[in-house]
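The next part holds the structures, each set out as structure tokens.
Both complexes shown next keep chain A, but they swap its partner, so chain B is in the first and chain C is in the second.
Entry: the complex of A and B
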């Protein structure tokens, strides 16, 4: 027996949630599908493969003020940003939820990023199992699955008459409406995304750092940074001061290792001066350094970078190339 | 507010700004909160971010020593927008301090050893607290050889301290410049060539070097020629960094973060990095 929620129940519940707290949900914006705060259910997209951008930006916004500098009468005060009220994100795909869990590693380890931590603590994730896999999807090869409940608070799986509800965490349980009925509906078989086996890749990468492969691959890279922009696990950031009308704010914003200025020092020296070295950094951070540091590959197989890259640099091909190169150099 | 936000710096006041060279100022700062100032402990090799509010913040090695109670000092070379704003500050002005961050030179482990300190230009900044620690505990260490190079005589950052260094027991100071001037009667040579000429013995010795990447590269070659093994050669790396806590991933070099795993590394460690800094 499974806990069930009808489509009407879901709509009533979402309406309740958006009255009590911020509700973010997939919405259609000029041809894109983005997580945005919603105030009416009609704005929510229920029928979608995946959103254009992951919900990462709620926790690590594209730009955010870390603190403001207030000055007056020869006195300076630093005012830290305050965290929004409680929020719920509806419609998170399991791969993107895993992306958030991966980001927790650097941001919550000591000394913890308190702003990120408070947003995490005050936000619940309502996941939505995938009904179909897109051609670019390869989550099952990256330790997730279309119906993976591991990193959400509640997982909804669509069935004929509504949704099967799994309350995964205490936070999720507390959020669910009272009186949900159990029913006969059974969980449907999850769709099967493409397999991109990654066995042996992490260990092979230690020997492949100096391969000419990286310069060749990067030859067509435009360093447009879209791969980092759409990635649910890219978390590199920049911090700058923005003075505006006498008020100064220290702003954190997304940054990408594909930018030539990413590692350039004041004075001009750049230890990672070539495109090949920069593109290699992207894959080494995700596929080797992050796993060595946090015991998990920093890719969730959402396929967004595959879809977005204007020159078809495809992480699935890179993974398979690395395995072949590794087999060659290991033999 | 709950836990302290690690991105918010401590407020501080600039106590004094002394021109060390035409483009390097020694900034002495005092944290506004006396309790935080009293508890601000750090070790040679550690760094902190200085904020010039409105321009941003940048990391600098701390050049003072807490036990000397001279205050918190930074040698800031004018090289970009943040350092320009820091140079423009006047005593009494407010700035921000975030830190201390990073590991440190394990000077306790070097007790009983001969010390070879090789610095070029502003690379002397992180070496100054090393030299001064050795001088403050002179009997704990063997011979001290300091080789300090700069572009011109005017660019020798810690010139006012040379007399003290030279007069310390069992201590030798070798100065060199790339270009002399009419008053300069010392060496005109590159740092690695001076290292070869002075030829310090690697026996029971530690060499610490910091300076421009090209100087470090050729100095390394010479030290290895002289018989120094990689675990005996120590340096402190410079990298673009924003957070200082291993989060922003800007200073990622191979599998290491310069801000958290460094900035102090032995050559043995560096030669094992996948990516060379």
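Entry: the complex of A and C
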């Protein structure tokens, strides 16, 4: 027996949620699919593959003020960022939920990032299982699945008459409406995304740092930040202090290892001066440094970078190339 | 795919690599979707078999010449892309004798995205009168029979006719989506400053905030730096992950420059762009 929710029930529940908290949901805006705060159910896209940008921006916004320093008569005050209301994100795909779980590693590890931690604690994730795998999807090879409930608070799986509801966490249980019916509906078989075997990837990476492969791959790379900004697990940022009428704001914005200025030091020296070194960093962080530090590969197989890269640097192809190079250098 | 055209490109590329005339070839190969194209660098004669050309070869490869200034390279260019070579020659960014240009007659390219190939030609191709590259060392393909089908600047005229408030609302919404990924800059053959104003610290022209005001300033300055220089390859619009219609800005200014100075960027390597010259007789109506 499974807990069931009809489509009407879902709409009523979402309407209730948006009255009490901020409700973020996929919305269609000028051809894009973006998670945005919604105030009416009609604005929500229920039928979608995946969003243009992942929901990571709610926890690590493209730009945020971490704190401001206010100066008054002889005293200086540090004002931390204001904490938002409780929020719910509806329509999170299991891969993207895993992305958030991966970002928790660097941001919640002591000393934790206060603003990130606050938002994380005060936001619930309502996941939506994928009904079909897109050609760019490879989540099952990256430790997730189209119906993976692991990293959401509630997982909804669409069936003929509505949704099968799985309350995964206590936070999720508290959020669900009372009196949901149980029914005979069975969970449908999940779609099968493309397999991208990545076994032995982490150890293979240790020997591939000096491969000419990186400079050759970088020939094509434009060194824009598209791959990093559409990635649910890329979390690098830049910080700057901006004065404003005697006060100061400390601002944090997305930044990426592909920018030439990302590693430039005071005095001008840049330890990652070449295109190849910067592109290599992207894959080394995902496939070696992150797993060495936090166990998991920092890729969830959402395929956004595959689709969005203007010059088709395809991480699935890179993984396969590296496997082959690793086999060669290991033999 | 025109197999004869591809054969011509491959043969030329093989000759150049085998004779040692160039270090590498910058061309196109099939992308990982098996459907569209992606840029490809061939350094060995055996690699030229991967070179292709078809209606999905929308990328302007000229940008890559800026990374290869010290090596003689051959490059595959469409007529529109070839204008970028003239731009870079004119601005002394590349040397003519360091480039072997494999020009292709172009019947037009289609809108593409990963795993998606459009059925109709890109809007810019529908108004393009340039069938043959403006500069080349070798010309592949056959002159296509094609006449402009659509009215040039129809969308710009439509935009111009809108009230200021409507234009403002249009751009505020689009720039609100900008994530400052700089793909528009990185792909642009006309954007090659060693340090972009957007990243300059002293003075700091535009802050790091990814927010409406900063996004707007970034896009405004980016556009103005391309006045009389944009050659219309539309790569900026193609690569934008949030679909900002940048060509509306670029082509508006292209139209202004054409009307004011009768100048189009990249048609000749010698003719100076209007903003690189100053003539005393140019009054621009300011004397009245």
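Just so it is clear, the second predicted complex is superposed on the first by the 326 of 331 C-alpha atoms of A that agree within 3 Å, B and C clash if a C-alpha of one lies under 4 Å from a C-alpha of the other, contacts with A are read in each partner's own complex, and residues count from 1 in each chain.
Criterion: a residue touches a chain if its C-beta (ideal position, glycine included) is under 8 Å from a C-beta of that chain, and two chains touch if they have at least 3 such contacts.
Because the structure is predicted, anything quoted here is derived from the model rather than measured.
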Query: A:62 contacts which: chain B (first), chain C (second), both, neither?
result: second
- request: Identify the partner contact of A:33: answer first if only chain B is touched, second if only chain C is, both if each is, neither if none is.
  value: neither
- request: Determine, under the contact definition given at the top, whether A:11 touches first (chain B), second (chain C), both, or neither.
  value: neither
- request: Could you say whether A:240 touches chain B, chain C, both of them, or neither, answering first, second, both or neither?
  value: both
Query: So, does A:78 touch the first partner chain B, the second partner chain C, both, or neither?
result: first
Query: With the two structures laid over each other on chain A, which partner does A:206 touch: chain B (first), chain C (second), both, or neither?
result: first
Task: Scan A:41 for contacts with chain B and chain C and give back first, second, both or neither.
output: neither
Message: Which partner chains sit in contact with A:185 here, chain B, chain C, both or neither? Use first/second/both/neither.
response: neither
- prompt: chain A residues touched by both chain B and chain C?
  reply: 238, 240, 255
- line: The chain A residues in contact with chain B across the complex are 66-67, 69, 76, 78, 80, 106-107, 109, 111-115, 117-118, 206, 209, 235-241, 243, 248, 250, 252, 255, 257, 262-267, 269, 271-272, 277, 281, 284-285, 288-289, 292-293
- line: Seen from chain A, its contact residues with chain C in the complex are 29-32, 34, 52-53, 62-63, 135-136, 216, 219-220, 222-226, 228-230, 238, 240, 242, 251, 253-255, 259-261, 275, 306-312, 314, 316-317
- line: In the complex, chain B touches chain A at residues 1-9, 11, 51, 53-58, 79-83, 94, 96, 213, 238-240, 242-243, 245-250, 252-255, 274-275, 277
- line: chain C residues touching chain A in their complex are 31-33, 36, 38-41, 59, 63-64, 67, 113-115, 173-174, 177, 179-183, 185-187, 199, 207-211, 235, 238-239, 241-243
